[in-house]
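In the two complexes below, chain A is the common chain; its partner is chain B in one and chain C in the other.
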Partner chain A sequence: MMKRRLRSSISTTWQTAVIVVAALLLGALFIAFAGESPLECYGVMLEGALGSMSRISEIMIKMVPLMIMALGVSIAFRAKLWNIGAEGQMIVGAITSAVVGLYIPLPPWLHMIIAPIFGMIGGALWAMIAGWLRVRFNANEVITTMMLNYVALYLLAYMVYGPMQEPGGYNYPQSSSMAESIQLTPLGAGLRVNTSVFVAIGVLILIILFWRSRFGFTVDLLGHGTKITNYAGLNANRTIIWTMMLSGALSGLVGWIEVYGVHFRLLEGIGAGFGDLAVVITLLGKMSPIGILFASFFISALLVGGATMQRMTAIPYSIVDIIQGLVIVLLITQPMIQQKLQARKARGIYVE
Partner chain B sequence: MESIAVEMRDITKIFGHKAANDHVNFTLRRGTIHGLLGENGAGKTTLMNILYGLYKPEGGDIFLKGERVDIQSPEKAISLGIGMVHQHFMLANPLTVTENIMAGNFRKRQILLRKDQFRREVLELAERYKMKVDPDSYIWQNSVGEQQRIEILSVLFQDIDILILDEPTAVLTPSETDELFITLRELVDDGKSIVMITHKLDEILQVADEVTVLRDGKNVGCRKIDETVTKRDLSSMMIGYDIDLDLQSTHECTGDCIALSVKDLTVKNDKGLIALDHISFDIKEGEILGLAGVDGNGQKELCEALTGLRPVEAGQIYVKGDDFTGKNSKDFINAGVSFVPEDRRDVGLALDWNIANNLIIKEYGTDAFSSRGLLLRNKIKSHAKEMIERFDIRAIGEDALVKDLSGGNQQKVILARELNGLPSVLIANQPTRGVDINATMNIRREIIESSNNGTAVLLVSADLEEIIQVSDRIAVIYDGKIMGILPGRSSVAEIGPLMLGERMQRHDETASA
Partner chain C sequence: MWNEIFSLTFLTSLLAATIRLATPILYAALGQIFTQKAGILNLGVEGTMIVSAMAAFTVSYFSGSLWLGFISAIVVGVLWSSIMAWLSNTMNAVQVIAGIGLNILGAGVASYVYRIIFGVRTLPPQIDPFPVVELPLLSKIPVIGPVLFCNNVPTYIAFLLIPVSWFLMERTTFGLRVKMVGEHPRASDAKGIHVTLIRNIAVLIGGACAGAAGAYMSTAYMNLFTDNLVQGQGFMAVAVVIFSKFRPGWALVGSLVFGFSNALQMRLQAIGAGIPNQLLLMLPYIVTIFALISTSRKAEMPSAYTKPYVRMER
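So, the complex of A and B:
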């Protein structure tokens, strides 16, 4: 059993690797087409991504939130609930956790427990709205979660221009900064990466265990349909709601990390397109925790390396967008290609 | 030569990596009814779809009246005088009978449609073949049996000589089947030739002149039907060896304890209309109550209500004497009420999941398969192995995806899950539909076996043969009402009229038999 489990996780990780390599190869074509040397370009990118401690630290800064959000998205996706509102859930989590730091005086140690919990509750409730609309009105969660992203964006704008704006500031759309005692501690002098890395590791382990637990089984069962879920003696509607909440809670937790570990305050633009990236990572990682670990590393390295490349060479940053786009195209076409290959392989093997 | 209508020689058709037809020869004589017999997946429909121009064969030739023809499309087939009635009708519900037949035939008529003329021709044709049809009624006003008649009429309108019928009796009541057979006889007497695809042995013996049997895509023989041909002969041709067709329920009702009791139950369907109208019955421990009836008369709603999946509007459900009205599906499962749903692909199974997981979807939360919240993979695996062994599920292993299994093996997965741990009540809705004859016998045997062990069984089936064979008592449902409860081994002639809505006299006395 253990062997088989290993084999199946290797095969999905392998799929992820194939897509990444194929995207990079196709990306090389585009780079050559633009008159640059692909080798040089990727060399600069690699150097830019992994060349120094501080760059690795930058990768971590991106990877921690992206991985946690993608793990959250994967919970909903495996239940066939297409929650693409991770960004909105993260924004609301950022707001609710910022409220704790700004307005509720607590001893720092207690604060470090309460603020992330508030973040998770914020994200969970935001996702719950979409879950409830689905259960009550059969509203498609793709639409509702996407719309709720905008609602969250404008709620954030209202907050940072309005009641939560920094008093006596220069009218920037941001809140006051958090007290140093409640910020996440950097892991080394001059590095931005902080203790949230341990949070991410903890979440990863928990999610791996989750898929081996009966709760994970329930979510997977829901992914096979509401009819069979009800038939198995579970309440599909209730399962939809708590699955969405769990999914949103992880994005809400990321809101806390961004406020207390990266920006040290609530500000407009805190979402930073993380929601869409999290969906790409979830799919690239084939919804498995280990796959998501690798996929989030790849995407983060691409982002950081691309930014350095833009600064150091004449090659435009758009290359990064092209590679990301290629990953998506390959993800979509992969099942068809795989089917063709399998059909060729399976000839002659038929079990009645 | 003149007496042969169609000859198909060496027909081969390959789907993916499997030969659906493997060098099949088939000869249809003029003016005969030719049964095409075989299990599901034997290649009967494929062969006829080739004759009708829907599929292009990889090899082989078709001869029509001795002449080689190339049939690339159904249009070509029709122009050659070949017509086909599929299992699923192609009628437009909001149109009348005449309009539907016009829609299927306007191409060769004048530009201006003359409805009155059409109507007259429809009536003439219907009368000629003794088919009762109201040309001005809308399709939705007609019963399934009548719709089939309309479909046949529509095909006959195309001046065809050869008529192919794909499982024509699957949707019919016994008396409708008899009417169909009368019509088929009329057609044959008129010089037409008919191919009837079926897997029912009785029908072949009843109506066919000749039979060709397919097995695994191969022609295993052709026989003239006369008195010497028996069901056993045909079934052994069909599956390749002898099986015992006379299944007997040998159990005795132990005790007089009532396991399931339904009192004045009223339930609505998905559209909010009354699906069950004050129905009542009891099932004792170890007893099999067969519920006969044409599909769609409330059977699905009854099964769902009895498993907590559908709300009860009025009345009560008692399981082993306890009131379960309004309880949810979990409560029913915990009380030992098992359910084999009609729709196994959507409700009863997770097709994209493996056998092991499918076997535990009702039990994974129990101590048997999880501890401190985490699933016990080894126990799940060994449980699956045990079930595969015990229920003879044919698969490459417990990791095989359920969608890769045949219909019969899929159903065995459900039965393995539902019969494991001796349920107190089993609700089985169409447990053998779409399953081959061998698996059918096994499934019936399992159901009888469980009743021998004390399970009270409600067996819902549209297949009267099955109901009569297995049940201790037979209830008949029509339009959401129980028309009567008959003793076991009642005949088709006794059950048939009730299925059409004739209420039985003195049903109280027989009910307590």
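So, the complex of A and C:
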């Protein structure tokens, strides 16, 4: 049993590695099209991503929120709830956690507990709307989470231009900055990476345990259909709502990390593009916690390395988007290709 | 401020802007009616639009012909959506994910190719966009004239496409087949209808229309290309289709709602009204959610919506 599981996870790792390499090779075609040497450009990218301690710190800064968010998205995805509203849930979490830091006077240690909880509640409630609409009205969660993304985006814009705007701050779309005592502390002098790394590790462990828990099994069961869940004597509707809330809570937590650890204030454009990135990571990681850990590292390195490549070579940053898009397209064709290969193999045996 | 809002010039300019902002959504939505009716949710419209917008601009810029640009955008739209057709109908991929993947890829490809061709410039290259064509006599009617009959040719075409797509969907065998493969692919197959072919065509029609929508953005609404030119309009089109319950006439209403709320916030901002425009911008998305609720309840979605058809499976 153990052995079989190990073997299957090794073969999954292999397949994913093949897909990543294939996406990079196709990306190389684009680089060649621009008249540059792919080998040289990827070299610059690698150097830019892993070349020094501060580069690694930059990767971690991106990896922490993206991994947590992808873990959240994976909970919904495994239940076949296509929650593509992680970005909106994160934005609402950022707003609610920022409210605590800006307006509620508390001792700093209490702030460090209350603010992330508020962020999680914000994200969870925002995701709950979509879950409830699905249960009550059978409204497709893809569309509702997507629409709620835009509503959250404009809610944030309203907040940072309106009620939460920094007083006397030259009309920038941002709030006042958080008091230093409640900011997340950097792990080393001159590095941006901060204590949120430990939060990420904690979340990762909790999610690994989650999939072994009773509720984790229920979520996986929901992925096989609402009817099956109900036959098993479990309430599918309630599971849908809780799954969405849990998924949203993790995105909301990321909102807190971005406000208190990266930007130190609420501002327009916080978390732009995070939702799509989280989806890419979730899929690349095959929705398993460890897979997501590696996938989030790869994608973060791609983002950081891509930025360096743009500065040092004639290759635009959008190559990063191209590679990610290719990764998704290749990933979703994989089951069918595998099926065809297996069918061919089976036919071969039959002929013999 | 209120005097200004209730003046005739304000009203006229507001409604004219509504039409301009509604047109690209209308284009994309009309095509997606076919795609979605055939049972395929293509969330990649956004990506198709941005790639086509780039193609339309580039071709127009170098050839000097706006129409050549417009047509190339449609061709690019068809080619780009053929990836979606292959993913959803041949590879039986999860359509939502395929759409998201193609959006990311599309945004990347459009921005990449544009930057490779035009390089980094301080001033973006520009073209002369489609000129306004005033229809004789009709354009002289007060308010209605300047709003409806003083537009560019692509806008008129979009409005003509409404009855065309209605006819195609409701009065032809092809339309019937599109609905059938969306409703009951197995029965269609038993009837001898080539399910995959019909679904592929439905996706490509959607791609052609999204191509036109993209071309409209870069060569008619604007006269340049930027990375964030499309900004959610592809998603709005998907929403409009659901809002309209797959009826072309209602797709116009949906597009106008989006166009109007967008135009209203722009106009109000222009005259410096003290209403927070962000709250107005939310309106179309909230309207869509409510429209979705009213549709989903009556189960008016195609039965095989987002479900790939596999012959071998029961």
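Quick notes
Following the convention adopted for this analysis, the second predicted complex is superposed on the first by the 344 of 352 C-alpha atoms of A that agree within 3 Å, B and C clash if a C-alpha of one lies under 4 Å from a C-alpha of the other, contacts with A are read in each partner's own complex, and residues count from 1 in each chain.
Just so we're on the same page, a residue touches a chain if its C-beta (ideal position, glycine included) is under 8 Å from a C-beta of that chain, and two chains touch if they have at least 3 such contacts.
The shown structure was predicted, so the numbers you read here are calculated from the model rather than taken from an experiment.
Taking chain B and chain C in turn and counting the residues of chain A each one touches, the greater count comes from C. By the touch criterion defined above, A:103 reaches neither chain B nor chain C. Looking at the shared chain after the overlay, A:215 reaches chain B, while chain C stays out of its contact range.
In the overlay built on the shared chain, the residue A:170 is in contact with neither chain B nor chain C. Residue contacts after overlaying the shared chain place A:84 against chain C, while chain B stays out of touching range.
When the two structures are aligned on the shared chain, A:154 is found in touch with chain C, with no touch to chain B. When the two complexes are overlaid on their common chain A, residue A:231 makes contact with chain B while staying clear of chain C. The intersection of chain A residues touching chain B with those touching chain C, taken from the two complexes, is empty.
Residues 41, 43, 83, 87, 90-94, 96-98, 100-112, 115-116, 227, 232, 235, 238-239, 242, 276, 278-279, 281-282, 285-286, 288-289, 292-293, 296-297, 299, 301 of chain C are the ones that touch chain A when the two sit in their complex. Across the complex, chain B is touched by residues 1, 4-5, 209, 212-215, 217, 220-221, 224-225, 227-228, 230-235, 343, 346-352 of chain A. Residues 30, 33-34, 82, 84, 133, 137-140, 142-144, 146-148, 150-151, 154-155, 157-158, 161-162, 276, 279-280, 283, 316, 318-326, 328-329, 331-333, 336 of chain A touch chain C in their complex.
Contact residues on chain B toward chain A in their complex (touch as defined above): 16-18, 307, 309, 328-330, 332-334, 339, 341, 343, 346-353, 357, 361-362, 364-365, 370, 373-375, 377-378, 381, 394-396, 399-400, 404, 406.
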